[in-house]
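Here subunit A shows up in two complexes: once beside subunit B, once beside subunit C.
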Partner chain A sequence: MIENFKISLKEIDKINLINQEDKNYRIENLEFFNKKGFPTKKEEDWKFSDLREIFSKNFKKIDINDAYPEENNFRLIQEFDHNYILLINGRLIRSDFKFEDKNKIKITGYKEENFLREKSNNPLICLNNALSNEGYNLVVEKDYKFEKVLVIYNLFNEDLSEKILNNKNKIIVNKNSELHTIEYTINRSKNKFFNNTYENVILYENAKFKNICIQAGRSEGYFHKFLNGSIKSDSKYSSFIFSSGLKFNKQDIQIDLEGKNSDCEIKSALFLNKEDHQEIKTIVNHLVPNCKSFQKIKSVLDSNAKGVYQGKIFVKDIAQKTNAYQLSKALLISENSEFDSKPELEIYADDVKCSHGSTSGNVDENSVHYLMTRGLTKKEATQLLINGFLKEIISEIKSDTIKKFVENKLEFQVYGY
Partner chain B sequence: MKNSNINTNQEYKYGFTTDIENVRAPKGLNENSIKFISKMKKEPKWMLDWRLKAFNRLKNLKEPNWQKPKYPKINYQDLYYYSAPKSASNKPKSLDEVDPKLIETYKKLGIPLQEQKRLSGVAVDAVFDSVSVATTYKEELTKKGIIFCSISEAIREHPELVKKYLGSVIPLTDHYFATLNSAVFTDGSFVYIPPKVKCPMELSTYFRINASETGQFERTLIIADKGSYVSYLEGCTAPMRDENQLHAANVELVALDDAEIKYSTVQNWYPGDKDGIGGIYNFVTKRGACRGRNSKISWTQVETGSAITWKYPSCILQGDNSVGEFYSIAITNNHQKADTGTKMIHLGKNTKSKIISKGISAGQADNTYRGLVDIGKKALNSRNYTQCDSLLMGNKCGAHTVPYIKNKNSTSTVEHEATTSKINDEQLYYCNQRGLNQEEAVSLIVNGFCKEVLQQLPMEFAVEAQKLVGISLEGSVG
Partner chain C sequence: MLEIINLKASINKRDILNGLNLKINPGEVHAIMGPNGSGKSTLANILSGKNGYKITGDLKYKGENLKDIPVEQRAQKGIFLAFQYPLEIPGVNTNNFLKTSLNTIRKAKGEKEIDTLAFLKLVKEKAKELGIDEKILSRQLNVGFSGGEKKKNEILQMKILDPNLVILDETDSGLDIDALKTIADGVNSSRSKDKSFLVITHYQRLLDYIKPDFVHVLSSGKIIKSGSRELALELEKKGYKKIN
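So, the complex of A and B:
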């Protein structure tokens, strides 16, 4: 089976390379991937999501995507004013920062030199290292706060079928700056494809970065994203994940709190059905004292869906006064749904407050009964409860217009079930 | 401060050895030493075949390496797999005939073998190294039809029971250390409680590692037949010694319809000295199967000793309405390492499990809770509650929690909670103010922290365990 998913070294020749060293690095990585293949549940990080099995079931072969067509019928979000950048199949097509001071923002397409040549044991990262040649690079200069939100339209076109896309993105927010983005994924492909993204986020002193990740609608796409964040002192990273609607999605987030008083928040509300399989994996590394981190993952699982949360809090011995909290809650509303979690603590400092909680179960019967005595049908009652369960996360978005926008998307999913 | 004083005073209380000539198997792990063990034990052929089957399987297995505590490579060819006190070949008929040196050792350990026999109300199957020497209270148990003897005796006297249940919970092929045990196990206890019998007393075995360079491979098998109840105590102390010693025991529990087994352990083996030299490797496989409807298995453990503790007492909840419980205190100090937890595998309907784990880490120790809660597709209306709390003393130690939670049906509920913190300064201050010194205050607070687990222990153990909690942590705060 693995044979079907081997990728020829010739693919590397197609990439416009800068030098031989880069090429060797890519070859090394591709060879590693070809040797390992897609990860299986035997690997600890993939224990609950056997990607090889999923691929064997759903894909016959997999080819490298090389088509980046022009966009057509592309409509901007009308609900609120925003800046945007448009990606088609991962390639940066255009950008518009009409609400901002353009001198303070730098945006370019993928550049080899933006990334360190790091070694990885994760076959998917190696695959990405070997083949990525699209993506974007965004830099916010120091002392600049964005006026309006930046929407990253991530569009996948109709022709993708059994293709694999590898992208690398980088976001740098310099000192005292602030950036707020919405990653808006639009899928036009009716066929299966695999998007493999590597993202690097660096926040310098006293910077703020807020990201919301949301889907336009259901998709046949399989997604894997590895995000590596490095957070310096007094800066704050916050991420909302609303990626409902994807066939397969794994967000692998690793945040290093490198500066004092830094803060990291990861929140997610997911509604999964129709054999969706989504996994959120977070590792928050507390490397210095006085940092805070908070993760809150809420999932609702309907027909044959599988949700996974693997979260790890690591506290280094010098990272005293750490405050870390992690919570995952899941509602299983269909007999065949499954939720697996592995909330992990690895702590080497004593003066810390670290805790986690994880629950899974059905909708509270008493609450359903209460609502039914008030005239709701069982289905309506359940929908109302699910909606309330997930809205808790959305209510933490500050901007009202964006909150409304996200709510509508979610309600559409919940009431459509 | 006065810490150094306390350290010298409170070093391993049970550190002493007894000189008794040993009969040993040839050194090394091979078919010959297995045949030797089997011969010494006067085992029937089927047992030898079973051992050899395990040995063949072992050749293809690798030692697991996923655990947190790492240890130097064990040279399995350099160990003796059998050693017995010499006097065992002509077993004494009464206590008077027992080697007086052994009796002396037991006295130091506080085992009530002679005059305390009646007073204590505990039947003791004492294992000195690998051979059972004397089993008390046999008559009373026999009257009720209870079988409580060494596993070797059970193999000879009750082969039908042993054949039926041995390896049925921990199969031959399970994992490296369990398979190793299956091949070379030397002794251990066997308990069978007949239907509708409530065992009138707590059954207890003291294990004692003595002969240098001998790993102990015990095998315990407890079967509670329909509607029966048994409470079993396991306690360990070991003499002070320099080289590392391997201990890989297997414990199998089987509870049939409406039966209940309560298994309590206080483990206080030699943990190595203050610099982490020496100490026992405690790699134990403990597993219980709730085979019958309404059956219950409860594990309680207080782990304070051993250089490395690596065990996960588990429950397989097969029968409908069966219950699994796990209460654990793991205390690590100096360079000790513990990687312990449980597995609750829910297969039957309406199964319930509860996990309470308290980890305390001091010095340069590492303490890990690792557990699995797996609720199968057919385990409708199942319920699990897990609570893992860790207490850290100082910033050179580590406390880790690695739970795996799988829920595969919508009618079941799983809850998991974990916290990590240090001893509250205000609480310490309050205790100091009331006249307790630092050590006493810590002991008091930690005992409070562990209360939920200590309450589960039978009377005989509760007192000893409370003292142990205090002793294990002395010298860690100040």
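So, the complex of A and C:
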């Protein structure tokens, strides 16, 4: 039991298979978390998302989850062929790589030794370091291109009332290899829970990794994910984020472009409604010359929803010929919705191309009128415009079947209100 | 079809229409000509139901008080405005939009919704008549369309939605002579005894192709002269100033 959101050191003893060194590291992290607590808006990284306030409003207590029951009514996506791994409450339950050469893929559950014992001053990472006990490790061997997409079903059980789940995942794509994943969150919990994930992605030379993150249903989940990507030369990282319907979601993404000619893309289309609170925070570090980064975040906010985008581009002094772009566009449908944007450039090289922009506004009244003169009601016209606004991002998905799948999920959100 | 009695309109305390009277019977084509700032587009906007105007006077459409009819219902009841500046709607596929629009109107009329196959056949036929490249119909609505394509797209919508009262707001502006002829042909082939047109234009040129039954001169928010097609020719010769 966690009282006042302080966590007893006894919780660490419940984690299996840890040696003394590991235990000390966890204790150190937990003590740091207990000292700092959940972050508040006084901290720059959390200025628009006061997690402590959100927590104290919504949770009376929080316990560590220890149940991973498999559900009977789990169904695979029918719309397209795919490999899959199934996670239940973060634990790797099973995997199926029937379309692939199995010798080229390694998948295992959480492994302590896969992660460096780094120090962090982010309380949520420390909390994860202290308590993480589930997750997966995926390695794609060199010179292998996935035939079909890999769907990562991230399923959360019905009975996660006031539980916290800490997961650590690692994805390694070796030299000259390609991986395409869809991280598909299925949320069955009718009660509040908090999922705190740490993910490490490493792309070796000339590797490609594309992930589409879909979270489409309404749920009582509170999510935080820290993703650290290490991108070597000539490799490309690409991420699409289509998540909404969550009470709280913060994706904290740090991409290190470590090798020449490496490339990073982050695109997002978000429809936030009701009391949703979602933040995308990115840091793209251009550490060597000739790298590219591209970020486009589009958000639609209705009711009392709040959206946040904090995007930072850092260009090291030696990172000449950097090409970095960042754009955030928000549409506010309701007067009570809010969008905060903080774009940041920190550039120490002189021969670079960096641009950023941020706009937020209402739905264009003249466009609504135009559509209404063609017989559409105000609501229908607005929905058509919202859908059109977000579709621009989806239209960049190359596979038609996957594009259609994502489109349907999004339309369900937009037309459901 | 349409009866306007002593229509006065202002926006931001600025008077634009100052007692306009106009009656259009079924099957008639009326042209309204007037210089810049005479209130032509305001009239079109008010008929389409655009808000922001303070209005007094009577507006009757098929005997109903038009002021009580919300924008989308005006369209559903058969009023169509071809915009002077059609809006670009990013992310909305032209064909999907046309189909949604048509089905909304059919539903309102108590008709069955059109299926995709029948719809595509209809669009193909109408697009061909107007010399519209079918490819643009799978693009985003008006996005990246040329001036001529946008105007043709308005006429295409008119043809598909099959309204009773059509208001053409400076449909001729920015068109080359070939596009002008195509659009005029599109309008002329839609003329019938139960359809009325209100053609708003600066220039006589369009009226060489769409021959109106009546021509009205609008100046300072009022119709100051009405007559037959010859009035348009007279205007072209003398200019608006001398008509007063």
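Here is the rule we go by: the second predicted complex is superposed on the first by the 411 of 417 C-alpha atoms of A that agree within 3 Å, B and C clash if a C-alpha of one lies under 4 Å from a C-alpha of the other, contacts with A are read in each partner's own complex, and residues count from 1 in each chain.
We adopt the following convention: contacts are C-beta pairs under 8 Å (C-beta built on N, C-alpha and C of every residue); 3 or more make two chains touch, one makes a residue touch a chain.
It should be emphasised that the depicted structure is a prediction, and the values quoted were computed from it without experimental measurement.
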Contacts of A:Thr373 with subunit B and subunit C, given as first, second, both or neither: second
Subunit C versus subunit B, contacts on subunit A by residue: B
Touching partner for A:Phe339 - first (subunit B), second (subunit C), both, neither: first
Touched partner set for A:Asp351, first subunit B, second subunit C, both or neither: first
Residues on subunit B engaged by subunit A in the complex (per definition of touch): 66, 377, 390, 392-422
Residues of subunit A defined as touching subunit C within the complex: 364, 366-367, 369-378, 380, 384-385, 387-392, 395
Sites on subunit A touched by subunit B in the complex: 44, 47-48, 301, 317-318, 320, 330, 332-362
Footprint of subunit A on subunit C - complex, ascending: 48-51, 71-72, 74-76, 80-81, 83, 86-87, 89-92, 97, 100-101, 104-105, 108, 140, 157, 161
